[in-house]
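Report on the structure given below.
Read from first to last, the chains carry the letters A, B, C and D; within each, the first residue is number 1.
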Amino acid sequence: MATFLPLSRAVSDNLNDGDTAAFEGFTHLIPTAAAHEAIRQGFRDLTLVRMTPDLVYDQMIGMGMANKAVFSYAGNPGVGLLRRLRDAVENGFPQPLEIEEHSHAAMANAYEAGAAGLPCAVFRGYRGAELARVNPNIKSIVCPFTGEKLAAVPALRPDVTFIHAQKADHKGNVLVEGIIGIQKEAVLAAKRAVVTVEEVVDNFAGIHPNACILPSWTVHAIAVVPGGSHPSYTHGYYARDNAAYLEWDEIASDRERFRAWMQENVIEKSADDFAGRVAHLRKAA
Amino acid sequence: MSDFTPNEMMTIAASRALRSDDVCFVGIGAPSAACNVARLTHAPDITLIYESGTIGTAPDVLPLSIGDGELCETAVTTVSVPEMFRYWLQGGRVTIGFLGAAQLDKFGNINTTVIGDYAHPKTRLPGGGGAPEIATSSQQVYITMAQSKRGMVEKIDFFTSFGHGDGGDHRKRLGIDTAGPTLLITDLAIWKPDPETREFTVVSLHPGATRETVQETCGWTVKFAERLEETPAPTELELKTLRDLQARTKAAHAGTAKKGKAA
Amino acid sequence: MATFLPLSRAVSDNLNDGDTAAFEGFTHLIPTAAAHEAIRQGFRDLTLVRMTPDLVYDQMIGMGMANKAVFSYAGNPGVGLLRRLRDAVENGFPQPLEIEEHSHAAMANAYEAGAAGLPCAVFRGYRGAELARVNPNIKSIVCPFTGEKLAAVPALRPDVTFIHAQKADHKGNVLVEGIIGIQKEAVLAAKRAVVTVEEVVDNFAGIHPNACILPSWTVHAIAVVPGGSHPSYTHGYYARDNAAYLEWDEIASDRERFRAWMQENVIEKSADDFAGRVAHLRKAA
Amino acid sequence: MSDFTPNEMMTIAASRALRSDDVCFVGIGAPSAACNVARLTHAPDITLIYESGTIGTAPDVLPLSIGDGELCETAVTTVSVPEMFRYWLQGGRVTIGFLGAAQLDKFGNINTTVIGDYAHPKTRLPGGGGAPEIATSSQQVYITMAQSKRGMVEKIDFFTSFGHGDGGDHRKRLGIDTAGPTLLITDLAIWKPDPETREFTVVSLHPGATRETVQETCGWTVKFAERLEETPAPTELELKTLRDLQARTKAAHAGTAKKGKAA
């Protein structure tokens, strides 16, 4: 049953050093506030899982919090590369980063299999693709009816998943809408789930019967953090801060500049600062 | 007709290859511009799918990411990412998968993963994302990229996604029953695979491009078709549509920037 | 691309003798009008696929249209048995009926695999269940990571699927809402799809972004048949005619009475009669 | 306290076994009534799931089918049937799977498929529906049925869903890691599996029931616990809740009948 907590408590109760953690969001609804809280609390030795590690994983990796990343596209969406992740992979700075790399189809299927309680996902994939050579977690099975060889990857089962969503009702049910991405699967695949929301409403009366709702008992903690997905966006609340993504490319290109930015914008800030960051983006949503 | 840049020619040539009954899996950048120019000109009913889950989207401005809000707001429907990859891509419903490339070889094999050795890369690129399955589950693959010797190479460093492999019937031998890369559109030319060898062959030169400029910006020895055509220059309508789209895009994205910050 | 057609034409264009056909609906939105049209047109040698064959399959089987049924629960929902289906299985009347029987989980996964273009579905099922002994289409695969034995069944790929839905827009996009069941998968798994709808609207403006919508190009024909799912119901339009389900138990219990009822209520009627059948159920919806 | 029928006692005894933090996969009939009585009395936050896709539903009247409109209208959310079976049942989220039975043996194995031989049945029953996987994916299984020699048999004709098989650790030997049938509630008694043999053993007799009436209506030789309890009779609240629910149900379902037609 979901408990409403301050974000600092929601993170400290549910994330541990050494965890396999997913901070999921597919361009939309990226849980930046939760990731920044994890950075402030200084967790170590994390395995970070995400289809599209972006700024927040670049930040966590740059701060030396991760031993390993499991991903399918490590880019700054619409801009280019992730420079802190590159520095870790190419130069082992600030520490070496093991990578387990998949395709989007594989990761999506692997989360789906995790949500479905299966040990592995089966799909038609990786045909002729070289990732199958370098990633030992890509295997195959043979269809017992047609003999076709299909790809198999292990189900993803994070210790904890963090997502950002539009709203919770006061029973703790969570509504996600718009580009829903992989959030439902990432929550249901995880042992624990933490959700930041823009707001809490009395109930979801009038909402579409087939809207994506995570029942209260599938979520462990909810923290109310308006603006919590900035510089990503929250459909119906505020627009994407495209300038911040462009700006990140410069910040992350230099180790010193990165540390200074993190100090000023993450370490010395709190979850309460997110609302102000999206003020100018609300009209555009 | 106005002047136009090679990049504009590339986008417009790509847009012409699309039809109203196509279902396109769209990547960001040149593919996205080409698909939307097609939609705004000769292919109004084209279905554009972005891998974030938006189906039948009709954005007024080009998205900066594959998951921009307007893609969802203008879509016929928005589905989850697992459904996107299972029902819509793997289900064989995508007629055209549109891919870009960091490195491309003459058989349409693509690398967007690493430059150098995988375990000890010289440059770590973003990786494949949707490409490995777009390349094999789409009915056909179109590739767009600006030509350069660094990008169009004899041998790619990593097979992120499979084109025609070593050429010939290599796809068939791997049990891949889709057509694979059937069109390459660069800033200088239109290329199609040879029916036998599957090697990309220049079939049309864009206005102003020559055999020499194509060869100078390509890392393999280029084959040219016996009858080489000239790509028709962009029409007024095509060029205006593309430029208006880009102007709207620039204005919209600047609009979300804070005063005093660079957008 | 969906074409709007009269129901008779939509059925005659898309159903053939010998086809594998699914008339899907999970209690809600059962495509009765389409099934009755198929009965009037007198198709033969059908393989009828459905998780929950109910009245309409009892009717089609009783009329001798089917050689085979693929199903997971052959009951009159909330009432009891399907008496025409029983007569076919137990007594070969009016003709023998081959059956391929699955669990709901297997059928749901098999449609899902069909929609996903896979040759088979893999799930954790049939453990200790005797269907695995009597149905040769239940096999297994072994997870290459854990060694767990998982069930596998062939994907369902009907020649044609019929469903009933709330509405189409005039481009031919189709909206299904409420208990959406297996309809999306049944349509996407099929070679051809025919949809009956309550009404056609200009557009779906204002509909939830994640509502279940089948794009026009996934559907072959749309026929407007108000009341077309009676005695099942259409969420937002009319309620379930529970009395008709109870009544069916008596009608189907006697071969003569069944024929007479079919003659009077199906053979001599048309799709236009459905609107009147739900008139008294509209207030209750 | 008023008089009550054995069926009412059965439903109410079943309702008492449910808790507010349970997630129940509900079948039609007695299970549905028991789950809703629990929700309306001591377990207001219980999550009821019907296999049609409705999660967290709170119907005011009992549904006639597992897909009645009110289940969706009152649900927290309604998902597709594949999602129901994959994420919610197979995902291990269901704490109690509630099953009925046409035939039941003493190890909780259930037949709802055929009477007689499968290929040439004497009576063709509806079949398993969700039961084969409810029986193995739910954390526990509760069974309710009215006792009869025809229903409670030494040997069932077909293993529609697996209970404890031949007893003992048979589930474990098949790799099934859920608890299986942990409770049987009939119109006469409450039964629990023996910790070793897994044979259903009567632990509590309903008011008015005796060892003799239990044995006379059961096809196997009944084991009784050493300390046999008496099931507390229904309370006023329980009985009123159940009867009001049934009265509302009857009125609602009659309300959709045409005048002059039997409902």
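Methods note: contacts are C-beta pairs under 8 Å (C-beta built on N, C-alpha and C of every residue); 3 or more make two chains touch, one makes a residue touch a chain.
Small disclaimer: the values here were computed from a predicted structure and weren't measured.
*Asks:* Within the chain touch network, how many edges lie on the shortest path between subunit B and subunit D?
*Replies:* Tracing touching chains, the least step count from subunit B to subunit D comes to 2.
*Asks:* Of the chain pairs B-C and A-B, which one is connected by the greater count of C-beta contacts?
*Replies:* So, comparing the two chain pairs, more contacts are at A-B.
*Asks:* Would you mind pulling out the distance in Å between where the CA atoms of subunit A average out and where those of subunit C do?
*Replies:* Here the centre of subunit C sits 39 Å away from the centre of subunit A.
*Asks:* So, what's the distance in Å between the C-alpha centres of subunit D and subunit C?
*Replies:* Subunit C and subunit D have C-alpha centres separated by 27 Å.
*Asks:* Which residues does subunit A have that touch at least 2 chains other than itself?
*Replies:* 112, 116-118, 123-124, 148, 178, 180, 184-185, 209-212, 235
*Asks:* At least two other chains touched by the same residue of subunit D: list those residues.
*Replies:* In subunit D, the residues touching two or more other chains are 72, 78-79, 86, 90, 137.
*Asks:* Chain pairs in touch?
*Replies:* Here the touching chain pairs work out to A-B, A-C, A-D, B-C, C-D.
*Asks:* Over in the complex, which subunit B residues touch subunit C? Could you list them?
*Replies:* Those residues of subunit B that touch subunit C are 21, 23, 47, 55-56, 72-73, 75-79, 86-87, 90-93, 137.
*Asks:* What part of subunit C is in contact with subunit B in the complex they form?
*Replies:* Answer in residue numbers: 1, 112, 115-118, 173, 184-185, 188, 204, 209-213, 215, 217-218.
*Asks:* Applying the document's contact rule, which stretches of subunit D touch subunit C when the two form their complex?
*Replies:* Residues 28, 51-54, 63-69, 71-72, 78-82, 84-86, 89-90, 113, 118-119, 121-133, 135-137, 158-162, 165, 171, 174-176, 253, 255-258, 261-263.
*Asks:* Which residues of subunit A touch subunit B in their complex?
*Replies:* These residues of subunit A touch subunit B: 26-28, 51-52, 71-75, 77-82, 85-86, 89-90, 101, 103-105, 108-109, 111-112, 123-131, 134, 148-149, 178-182, 184-185, 212, 233, 235, 239-243, 245-247, 280-281, 284-285.
*Asks:* Can you list the subunit C residues touching subunit A in their complex?
*Replies:* Residue positions touching the partner: 116-120, 122-124, 137, 139-146, 148, 150, 152, 154, 177-178, 180, 207-212, 235.
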